[in-house]
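Same chain, two partners: chain A is paired with chain B first, then with chain C.
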Partner chain A sequence: MEKDQYKGWLYLLPAALFLAAFLVYPLVDVFVYSMEEGYNFASQKSYGTGLYNFSYVLHDPYFLQAVKNTFVMVVITVPLSTGIALLISVGLCSIEPLRKLFQTVYFLPYVTNTLAVGLVFMVLFKKTAYSDGLINMLINFFGGESVDFIDGPHAAKMFVMCLYIIWVVMPFKILLLTSAISSVDPNYYNAARVDGTPPFRIFYKITLPMISPTLFYLIITGFIGAFKEYSNAVALFGTDLNSAGMNTIVGYVYDMLYGDSGGYPSYASAAAIILFTIVLTITYLNLTVSKKHTYY
Partner chain B sequence: MKQTASKPHNTSAIIRKAITYTGLAVWALMVLFPFYWMLLTSVKSYSEYNSEYVPKFYASSPTVQNFLDAFSTVPLGRYLVNTLVFTLITTAVMLIVVTLSAYGFARLSFPGKDLVFTLFLALMMIPNELVVITNFVTITDLHMRNSFAGLILPSVTSVFYIYLLKESFAQVPDALYFAAKVDGTSDLKYLWKVMIPICRPTLITVGILKVIECWNSYIWPRLITDDQAYFLVSNGIQEIRENGFGRENIPAMMAAVVVISVPLLVLFLCFREKIMAGVSRGGTKG
Partner chain C sequence: MKVVLEELTKKFPNRNKKAGGEVVAVDHFCFEVPDGELVGLLGPSGCGKSTALFMICGLQKPTEGRIFFGDKDVTDLPPEERGVGIVFQNYALYPHLNVLKNITFPLENLKGEDKLTKEQMREKAYEAAKLVQIEELMERKPSELSGGQQQRVAIARALVKRPKVLLLDEPLSNLDARLRLQTREEIRRIQQETGITTIFVTHDQEEAMSITDRIVVMKDGRVHQIGKPQDVYDDPVDLFVAKFLGTPPINIFESRVSSGKLLIGDEEVLDVKGVKDGDYTAGIRPEGFILDEKGALSCDLNRVEVMGRDVSVVSENDACSGRTLRSIIQAENKVDLSKKKVRFNLKKNKVFIFDSDGQRVRIG
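Now for the complex of A and B:
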């Protein structure tokens, strides 16, 4: 039995080694980096410790722009995508024919490469010298002016951005909500129907409370995901997000780390830590709210 | 469930049905339209595409030239092979690592197991964006940039999948284990001959989820590779977009997009039930 005691550890060893090297050590290290002032990649030296990196990042106009963009994306996409997903899921659960087909179709964006499909959105919305693009044709048809959604005004870019984010995040939300709704005990509905309860009231008084844990789970993960938005922006506007004015906080972190503007792991670390302070705060607020309103 | 189907006894029920179907159809259209548009554009010839000021919804003379261009003008084949190699190795290594530790947690007993398991679960909360900075430095210092090792190593463990598998392993009755022990079967052999066959559905689910994740990964490969010979499809398509086919050859670009999207769509249509069940148990992205 003596030997067996250590056998279990042997099975855990590979996972433990990888986790230590690529998850635990980096987590500690990111805080070290963030405190090292003037860290230089080439000489591997810094000239002091302190909070200067944070102050630099917080005064960087690119960072402030990124924070603003990220908040706009969060505030628009989280409520809209959750709301629309809820509507669609309720609709899906109330029909029998074609339900499977709809579910399959709705799931497609989940298994597509978002970088690749982003190019399709770009083509649809872009205004070039040869063509105004399909969406502008539609706008013209209804009597509007053509807008360049990809290189044009900031609001137009933000519109495509949010639309694309919603398109990408919907499958997951629809999937979870439909399975939550269809697992509500049908007896509740039968009882309500005997009492002649109108459909909207059934939804509000039975369905919504019963699926509230899933709903809050989606809202919380939705917030976290939206705060970490990055690759969808790259998909639409290319890698130089700063000059497109569409950078996000995560994008700022990576730009500081690598690429033409890169080489500053300390600034990147400081920005990443600021991001997670924001995310933790929002998640904490979400959890506080959800505790009050969730029915288990 | 809500309306016991089949008997829409009054007009308001019929209207409600009609509205529901219309709404659902509208969203289905919005999901499918980009796919239709990329397919359509990919078979239009360069001159046809550029001569249409008002884009047409059909291709008057479909061509496969764009697909040939996509493979000859830019190294799309190379990107695909890289992604395939990366995906297969990462998934295989991850399955081994994850299976071993899930088995350790589920079946073997050793001092400190519960504590270690709790620590593992706590690691699930560490966001990738925080650790990627140091990982980038680590891999650079190890001179593993532009190599498969550098691409693969940081993503071969997942605490969440360990947890998922452990739950599945734990459901296998203990009696089987003790019976095997009496027969003198080693732990490793028991894992291989009994546990893995019984838990194959969960293993397949975990494998498929990892394949999807690998195929679509962008951020890490972008940080760690700047040599086109090691680009994955996500980076490849970005490269194609920024300096690929010379002057805005949108149809060829769309052909590349089709080629990149098809493998996962096929995988999805083959394993539809498995993937959807797996994602609702263990998916993220949302």
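Now for the complex of A and C:
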């Protein structure tokens, strides 16, 4: 038995070394950075140790804006994208003809480059000297006034941002959900039909519990993904997210490290640790809730 | 409630679209199940018996034909309005619900006047559970039950709405041999206690013979024979039915009839007056052999298997399909193992002859 254990550890060693070097060490390092006040890359020196970095970050209006933005994105995009993906998947699974075609169409955003998709959104939403963008043309057509979605009010920007994120993250969810739904044993549906179960009840009482593991997986990874939102914001609003008022927590970390205001690894680390704490808490909550409602 | 099937037919489009055409799963099935009987649909896999069951249930629409429950035409009614309960081959218990909730599931769909309170549902569920003796398992999840227990839960769920017709699709095929024996008795008991007209599908002839009032032998979507199990066994209408029923299976011989005598090899084994001369296939039930030193049929003795109550003599004959034939004789008859040959006389009522199409030819 003991010999077997030793063997087991031996087999795990390559993976363990890899994880230690690229995951555990950086994590510890970031934690250390976040406690060192005024650390400087060039001189490799810091002034002291303490919680000042956290205090600075938490009082930085840019960071607070980033946190607010991130939370709004999470709260809007995770439920909406999962819900809509679920609806589309149920629809896809209940149609027979053209199902493959629709599946492909819905999957396209997943294989399309983020920045290319961003370009498409520009055409739809951006106001230029020549055009107000396709959406504004529609709004005008119905008698509304043009809205500047990219450089205008915060709410308009947030609307485009969330729409964009939902559109980008949905294909993967649809893919997983359709496969989960179609792998439910049709005999359950037959049994339910013999008992005259109405379709909505079949969905609520049978389909939903049966796909709950996939659903919770998507919700958890959705939360994590949304909290780490950054590249999509850049695709729409460029790299200067702070002045656009659309920065995210990850964007803030990046800016602190390399951006125009860059060169502050300590602040960046502190912000990263805060993000880590938030994600950890939310994931823990998710898992607690899912244990109660998931059937494996 | 009696169930009447009139010219019931189900065709499926061929999966191989290039080949075109249709696959006929059930072909003009006519049958009347008398009220309160237990009927077995019997046939090899793919013979259309499950399709027939699903049509009776309402899960599949017949291409042609009508289905009547009593005098009421239910062909176009959805399953829930027919008053049927069904047990699926893999039971299809909802894995996320406990036994009680599985059993009450059908009741929760009732609407209007039939709507039940929680308490009434519970009461009905316990009533059904008592019938199949699973009251102490009500809080468990299906995954925490054995195969036999799951089976009972499935039956309870099918019975809880007091259906007029109970349908069972291969109810015993997922159970081990001992449990199968036990459960089939159980199904018989439940059926007799409730008096519900029951139709069950099986490919196991022993299962069908042992508990049913009536069996329907099917092959390739067509009904070959309908009757009481013993009658069908004693008097098969064709070669397929003769071969399909009975363990050990019937022994098949190439034979011919010449001037009123049945010949196997060159030996005259039986008088068959009134049968035209020609080549026939003869089937002899294992119990149709009488050990006799001067017997008409001679075979090369292979071995003797003792089974206690009787013995099984395994011997060989060139005319026999597969060469080896198996006869069952009473244990009192001593077989002389030192001899190479063994001779039999035949019981006339255990010998069936069939023409080249496999149709039974009656003897005298």
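The rule is short, and it goes like this: the second predicted complex is superposed on the first by the 273 of 296 C-alpha atoms of A that agree within 3 Å, B and C clash if a C-alpha of one lies under 4 Å from a C-alpha of the other, contacts with A are read in each partner's own complex, and residues count from 1 in each chain.
Simple rule for what comes next: a residue touches a chain if its C-beta (ideal position, glycine included) is under 8 Å from a C-beta of that chain, and two chains touch if they have at least 3 such contacts.
Source: prediction; values computed, not measured.
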When chain B and chain C are modelled together on chain A, clash or fit: fit
Partner chain(s) touched by A:254 [first = chain B, second = chain C, both, neither]: first
More chain A residues in contact [chain B versus chain C]: B
Chain B versus chain C as contact partner of A:215, first or second or both or neither: neither
Touching partner for A:270 - first (chain B), second (chain C), both, neither: neither
Touching partner for A:246 - first (chain B), second (chain C), both, neither: neither
Touching partner for A:177 - first (chain B), second (chain C), both, neither: neither
Where the C-alpha centre of chain A sits as vertex, the angle toward chain B and chain C in the overlay (nearest 10 degrees): 80
Partner chain in contact with A:35 - chain B first, chain C second, else both or neither: neither
First, second, both or neither for A:57, with chain B first and chain C second: neither
Chain B versus chain C as contact partner of A:117, first or second or both or neither: first
Least Cα gap, in Å, left between chain B and chain C after the two complexes are fitted on chain A: 8
Footprint of chain A on chain C - complex, ascending: 57-59, 78-81, 84-86, 88, 90, 92, 94-96, 105-106, 108-109, 157, 161
Sites on chain B touched by chain A in the complex: 1-3, 5, 16-17, 20-21, 23-24, 27-28, 30-32, 34-35, 37-38, 41, 50, 52-55, 96-98, 100-101, 103-105, 108-111, 113, 116, 120, 123, 126-127, 129-138, 153-154, 156-157, 159, 162, 187, 212, 215-216, 218-219, 222-223, 233-234, 237-238, 241-242, 248, 250, 253-254, 256-257, 260-261, 264-265, 267-268, 272, 275-276, 279-280, 283-286
Complex interface listing, chain A residues touching chain B: 4-12, 14-16, 18-19, 21-27, 29-30, 33, 84, 87-88, 91-96, 98, 102-117, 119-121, 123-124, 128, 130-134, 137, 167-173, 175-176, 179, 182, 184, 186, 189, 199, 202, 218, 221-222, 225, 228, 230-231, 234, 238-239, 250, 253-254, 257-258, 265, 268-269, 272-273, 275-276, 279
Of chain A, residues touching chain C in the complex: 185, 187-188, 190-198, 201, 205-206, 209-210, 212, 295
